[in-house]
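What follows is a set of structures for review.
Two complexes come next, and they have one chain in common, chain A, joined by chain B in the first and chain C in the second.
After this line comes the complex of A and B, so read on.
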């Protein structure tokens, strides 16, 4: 290789290296961009802004039409999360098409999407890409049975939710009541398997235009009425949908009660990665009594399986051991042969004893940990399980001793017979001869 | 000039060895066509597995090979190769490899594998010489040696690169028969022991050893029925059976089958019968006739009832295995196509056509009956054997094309015996010419003798015209025979070079200018997989390509040519026959990363996955009854990808993967998606894929590889 080739090679390598460096937003990062319809309305969000700032987030508030709305500086995203409370937005700033949002999420960043009955097609498209199908424009969730008396303006659109997801990261397991909502109704798209509803209407709720008479069946009714939903993508990012921007505004925050306030703030910080962010390292394993991990084990071995699962603590800004006793691991080869609970060891390490079945083949150690509010963990490692080697069987079996004995006796017998036959003298040689000649004659 | 008898014998030996040596060279050279035309490459499918195993044996050693658990095939089941393989050919090639290296001939293991079959073809000639000499004489033996080196029926399995079990098994088959006949002729235990050793080698090499296991007992039975029992036969058979069975059990794949499976029961039964027969003879030698009759009736009834009882108990308890499908196929040629699609789907398991007899045996189709006639004229213990072998081989060859391989040696040996007798008869006539053409030589001793001789001379004189006529006939006949033999050689060489030398990994055709055009799509695709995919990728394809994928692409396969698990193959069949969403589920279940299909629509390559597709459907429907063959056919029951395509076929993965983007190609002007293999414009040119994306398509579209998409990050199904 001459110098020119070498330098070109080095250059290519450099380009390749630079290109391959992926600038990933750190999990639970604190740079938050809040986009609202009109900057003059910023005061409406002062409660949540104040709360977020107190919690340590650096919130930048921008208007969707603003020229300075830039999220991408050409190398990396400038924010870790977006709170998008601009239902009428037609774009996301300069140089940020809808695919840009996709990239944003694929790099582990999160987004909260606030919607309103008056929404743009652009926003509808974004919601749909998460698996949330909005009702027609200007339709509200209406509930004649369960509405907020103070906030309601007579059309029963200020509804009180029927229930919410009580996953521990979201509300610390508490069941909150009186969460108010005024906004558009939505349904979950069945084709999406990751989207789950976080907040839904009561039994008597439905989604329709308040001004119209109900003549056609509403898009959604009862508890199917989705008020808020979330997708935790396979790239560890969160996309949260809320059908109402009013629930984030001061008016509702102040007058709808403590539970509403608590839920909304939890929802916000959960979206920004405050809770339930998990990180799992590779699954490791070794045989009982050994240290090394091998690619092949034998049937009927006993394995110890270990995995580290950490949870992000945003206050401390560090990974702490994940404390949960319901993580399971499966040992599968097409079908599960063992399903074992992983026992937390306190330092983030989980351990389980997995017995290898008497069945050879390629096996997977598989963890599928799907819990509401937590980052889904779905991973596997393969290993091969081989049958016994020919020299791994017991050499002597107790039950076979009669056969061993008979074989040895047979050997000895043949030997003795051969010696006797070959070396013994025949005392009645003549008689035998005579007998032989007799038979010859007879023939 | 004096010629001593000794040197005459030496000359004869020199001639004999010279002919055999030349035969070896001839056989070797003819089998080199594949290397000359293409390159030194392992052929077809099974040889790739043999090659891969041999490589492991050479690289890792015997223990690793013996205990080899292959986790890269039949994912996720794996295959215990050490226990499911006939290791003879691998050990043979490894031994040859180390021998060559010991001599200082540094051949790579691939080249040793490629050359194994041609080298062993010489040994086959030697074995054929020995066996034929044992049956007839050395003259016939030489004819047999030369003929077997060239016979196409054997040639097709032994060209360079055809590194399959049969490459050495045919040699061993003949060798085993020869050694056994030696022991029958001599009655020596030593030869019987050698027979069992050669039988062990055969068992270790090829599943066809079962042919020997059954032919020898049938021979013994025929000998008993013909009243030709001798103690020599007893020693030979019992020695061979007892030692051979114990030895064959040492091959892991055979193991207890040797005493349990139905295929081996015949040998065991004849063993019992022979001993019973001998016992009866022994009793008979010292009791009176009437006592004997009563006794024999008792013994016969007892023996039969014990035998039946043992058989019944054995079958009922499952100790004696059920008859496997392959064996039923031998007895009833239609059995497999009725009941076992996986057996019927293999090309070499199809019934033989008449034309292939001529193609594979040529002259020996006609010479074999001649040989049978000659042999029947002069029945000996050895002749009976070749009659039994020949008859059985003719029958079995009609059942499966593959067994033509077993018939070829029988035809050659019988044909050579016939031809040799033929030539001897007519040559003798020509030889008498020396006496006739020289009347002085005949007259001179007669001159001083009595009138009786004069009379005789007159007789000779009167007969001489007749004899001259016969001489001319003889010369004509011999000339004709030699012409036919030369035609045989021409035919064999032509067939070898044109039909049997294709590696089927590389395809070729003659271009318009007469030059060969090569299509190297298979290797192109396999190397693409090797270079561009993750080492642990799982590649799913129809099982035909499993061994090649493992050998050339070095990737994990779901099913391969060792068709041991019908259900697993049916799963692959289900994938190919299913609509896309179901196929995706199967892919996820089996962790499949890539799907490979072979498509001949552009190259007019007929044996692609689309044409084979009804076999996957049949195999799948034998496991999963929801798959119905008629759904894949047109309304009037035809198989077509044209506008009248069957509803399920249109949805099936095989159609989608084969014709994806095919309509973009302008194969013929004015036609959208014209399939040259089936000569039809495809019915539904707009193929879209949701869960699969095209990863690679080879130059002539022969191999198409699709990547299975990862699950959507947002959870979209």
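After this line comes the complex of A and C, so read on.
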């Protein structure tokens, strides 16, 4: 991996992780910009356009080469989401460098990136910044074992996917089959932990140029073939990659079956923030039986820890309580000393009794809630844990009274011995008697 | 056998100076307190460990110091400790014992 790739990752990681200010208030603006390669092909996308418009989105369709393609007016972004279905585009319009997309994501906006085997280097860079490494140009995902019989043109590039993420925000937990795909193969970048696979190829799929004989190992094979992937930020925004623009077009939407249609539309609305957007407030805590929060506690104290987590409901356009029973909190100092399940209280508040470990130092109360399809929650608060104060130990324990007695007797014993040693004398009579008996014995 | 012990006891009574006998009596007393404490700890457990350690170390320390005193003041060891008068040895013993007892009381808790 060269330094350029690394610097892009570093930048993205920085942007995704540095900002700790939570986005408050309303989410999910409805202004969507869709960029396609050729405006004359707009009819190809009429199915998804119609669906988005019925769902309440205002979609503006633009061509990459248009002069009117402006998404940033110098102060703020003019759209809330971008659907980039222009794999051959070489720019994002006037005044919008590639790094502009990072700012776009940082402000809570989302991007869907559609790719094709014929792509520009510019678009490849964007995909790479999402954590997806594209195969060589003009290489397709090929699958001789699992392809769509009607859509295929003989080279087995109209593949049927091997599986998809069945997270509940994306497909309501349903497992869909027959999701078709014709596009470029890709691999996840290994050192990007944040990118998650959404759709992948079957066991028999691989990525190669259909016209060539396979002589070198393909970039990816089997279920490692990434067809769609996503990075979610803590700003409640999503950067989604899909390796095929054809899967969004009418031809495939109409003939690939209901599951394909359902998945693509779910993917679209999920990208635009329909489900799984979480917001967590600061972690709060207090000692059992107390009200106020302190920065220092003692070992073996019992704490009550609370946190508020809300989920965005885009139909109602408001934050509602998030209900889940698998949120955990950890009490860590290098390693976790306690890991406790947070119990939902019904109003978005989660609560847990956390015992302070018998170990002092600087500790973190840490929530790392990474679930497929949900906004990652990763936050912590620090506190100091002190040992018992000298006057906090128990005194005059009943069980220890023999020891106290013994210590005092030893002290007295020293005194008595000192007096006896210094001032006592051997009794004369006894000494004589002893000497006498000794003489008797000797005889 | 009984005869053997009585002979040894008579020898002790007649040959050992009075001061050493006083020391020996004290040593027996200290040894007994140490054994009793250890047995008590073995029965009730180590819970106030600091208290046990303090009291037990008080016995052990006193025992060691007193054995030193006995070696210094024994007339048979005169050649080995030519510079030790018996009074100086006793002052040493008293000083060391005071320090020991202060530490013990501190740790007794």
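Points to keep in mind about this one:
The working rule: the second predicted complex is superposed on the first by the 370 of 443 C-alpha atoms of A that agree within 3 Å, B and C clash if a C-alpha of one lies under 4 Å from a C-alpha of the other, contacts with A are read in each partner's own complex, and residues count from 1 in each chain.
Basically, a contact is a pair of C-beta atoms (placed from the backbone, for glycine too) under 8 Å apart; a residue touches a chain by one contact, two chains touch by 3 or more.
Please read all numbers here as calculations on a predicted model, not as lab measurements.
Legend: residue contacts after superposition of the two complexes on their common chain; A:233 is shown touching chain B, with no touch to chain C. Of the two partner chains, chain B is the only one that A:195 touches; chain C does not reach it.
Applying the stated contact rule after C-alpha superposition, one finds that A:333 touches chain B and leaves chain C untouched.
In the superposed model, A:420 makes contact with chain C only, not with chain B. When the shared chain is aligned, chain B comes close enough to touch A:296, but chain C does not. When the two complexes are overlaid on their common chain A, residue A:412 makes contact with neither chain B nor chain C. In the superposition on chain A, A:363 makes contact with chain B only, not with chain C. Contact residues on chain B toward chain A in their complex (touch as defined above): 66-67, 69, 71, 75-78, 80, 82, 285, 536, 589-591, 711-717. Residues 105-106, 129-131, 191-195, 231, 233-235, 239, 296, 333-334, 360-364, 382, 384, 386-387, 389-390, 439 of chain A are the ones that touch chain B when the two sit in their complex.
By the touch criterion stated above, chain C contacts chain A in their complex at residues 10, 13-14, 17-19, 22-23, 26, 29-30, 33, 36-37, 40, 44, 47-48, 51-52, 54-56, 58-59, 62, 66, 90, 94, 97, 101, 104-105, 108-109. Residues 393, 395, 397, 399-400, 402-404, 406-407, 409-411, 413-414, 417-418, 420-422, 424-426, 434-435, 437-438, 441 of chain A are the ones that touch chain C when the two sit in their complex.
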